[in-house]
Amino acid sequence: MIYLILFAVLLLLMLAAAVYATFQRDLLYAVIATGVISLVLSVIFYMLQAPDVALTEAAIGVALTTIIFIITIRNTVRHEDEHDKHSREKKIQP
Amino acid sequence: MTYILYIAMSFLILGLIISAIRFVKGPTAGDRTVALDTLTTIGVAGLVLLAYVFGRFIYVDVALVYAVLGFIGVIVIARYLEGAL
Amino acid sequence: MEILEIIGGILILIGSAFLFLGALGILRMPDVYNRLQAGTKATTLGAMSLIIGVGFLEPSWMMKSIIIVVFIAFSNPISSHALARAMYKRKRYPIIKSEDKDMDAYIEVFQQEEEEVKS
Amino acid sequence: MDSLYKMIEYGIYSAAILLILVGLYGALTKKSLIKIVIGLSIVDAGIHLLLVSIGYLKGGTAPIFSPGYEDKADIMVDPIPQALVLTAIVIGFAVTAVALSLVIRLYRHHDTLQIDDIKNLKW
């Protein structure tokens, strides 16, 4: 019984993180939400008796995908609707 | 023994939900990253507990990889926020 | 009921309670440093206790449990230190509400630095 | 108890399809290029969840032979979708990396990420 409740909570958490990543204007927060999706999806694979897939998802989804998205944001802009041409200097607000 | 596992797993579920609430609410980027770190730690503990529930020794390896690699994302986000990536 | 099962059950209960309290701490605390304190230290103790408890329940898993605990003890302080340092470098200073006289000097320093940032 | 398992099985299918739809919506309607790549990676996650849940067997165990499980091949879940998904995750990561490198090239050439402003397709 508690197993099924855990399953339902994980599925709802993953859907909420996906909706949050889609509708968030700040791209850094959307990338962190993508990391949360991978993390929860890895636990779901584990509970579906696929530990090798869970291992690969944990290694690639949590670590490597976050790294390449952060490098892209660092080389481009942080906010979604940013037209400013000189935004590379004032990217990090205090 | 079964009731102990039920109580422990319900505590973990509550922890997951509360961390997700802080992740949605958090006003700055640091709060969200703290929520991600807490989710990773709860995930490692939950994977080991689920390995005991399923009763197979080979499942503990996933928790090991998770514990080794889970913090790299947090460190990269922190270095980006610091401005030194 | 063996003695190892009793020890393992108590350790699992302590660990899950600390994980829940750490998650409650990051919801209740006022600023980012307090949240870091609750969300990293308490959950580290909780995860260590729970994993060692599972190792007591199945004594042949004890070696791998100890390896996981060692990796958690290495990796969690690194991430929390990097995050606190990043928050300090971004000039997010802690909220100080105290009647203590010794804290006044720190409050003045923080206020001066905040004014320097604003100007 | 059996109907609860049936419910959670339909729950996995509907969650995977909802995940694919959310990612598709994000990839089709958003204007920022990084948001489009994020939507594509969400679609990837939904497809992986759908494939793994097709091969799941109720009460099964992992298809790995370890001590104590040499003669339990009849309760093991299907290993073929797991192997496919294992490959698809790695290929999805490579596709995401190539797409993000293209995004960085476009930003250096046009100084913007809005797809409405990138009009000339000629480099």
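Here the chain labels run A, B, C and D in written order, and each chain numbers its own residues starting at 1.
Methods note: a contact is a pair of C-beta atoms (placed from the backbone, for glycine too) under 8 Å apart; a residue touches a chain by one contact, two chains touch by 3 or more.
What you are looking at is a predicted structure, and each value in this text was computed from that prediction instead of being measured.
Using the contact threshold fixed earlier, the set of chains in contact with both chain A and chain C is B.
For the pairs B-C and B-D, the larger set of C-beta contacts lies at B-C.
With each centre defined as the average position of its C-alpha atoms, the distance from chain A to chain B rounds to 14 Å. In this assembly, the C-alpha centroid of chain B lies 21 Å from the C-alpha centroid of chain D.
Centroid to centroid, with C-alpha atoms defining each point, chain C and chain D lie 32 Å apart. Shared interface positions of chain C, defined as residues touching 2 or more other chains, are 90. Within chain A, the positions touching two or more other chains are listed as 49, 51, 71, 73, 92.
For chain B, residues that reach two or more other chains under the stated contact definition are 9, 16, 33, 54, 57-59, 61, 70, 81, 83.
Only residues 54, 56-59 of chain B touch chain D when the two sit together in their complex.
Touching chain B in their complex are the following residues of chain C: 5, 9, 12-13, 15-17, 19-20, 22-24, 26-27, 32, 35-36, 39-40, 43-44, 46-47, 50-51, 54, 57-58, 60-61, 64-65, 67-68, 71-72, 75-76, 78-80, 82-83, 85-87, 89-90, 92.
Those residues of chain B that touch chain A in the complex are listed here as 6, 9-10, 13, 16-17, 20, 23-24, 29, 32-33, 36, 39-40, 43, 46-47, 50, 53-54, 58-59, 61-62, 65-66, 69-70, 72-73, 76-77, 80-81, 83, 85.
Residues 1, 4-5, 7-9, 11-12, 14-16, 18-19, 21-22, 28, 30-31, 33-35, 37-38, 41-42, 44-45, 48-49, 51-52, 57, 60-61, 63-64, 67-68, 70-71, 74-75, 78-79, 81-83 of chain B are the ones touching chain C in the complex. The touching residues of chain A, when paired with chain D in their complex, are 1, 4, 7-8, 11, 14-15, 18-19, 21-22, 27, 30-31, 34, 37-38, 41, 44-45, 48-53, 56-57, 60-61, 64-65, 68-69, 71-73, 75-77, 80-83, 85.
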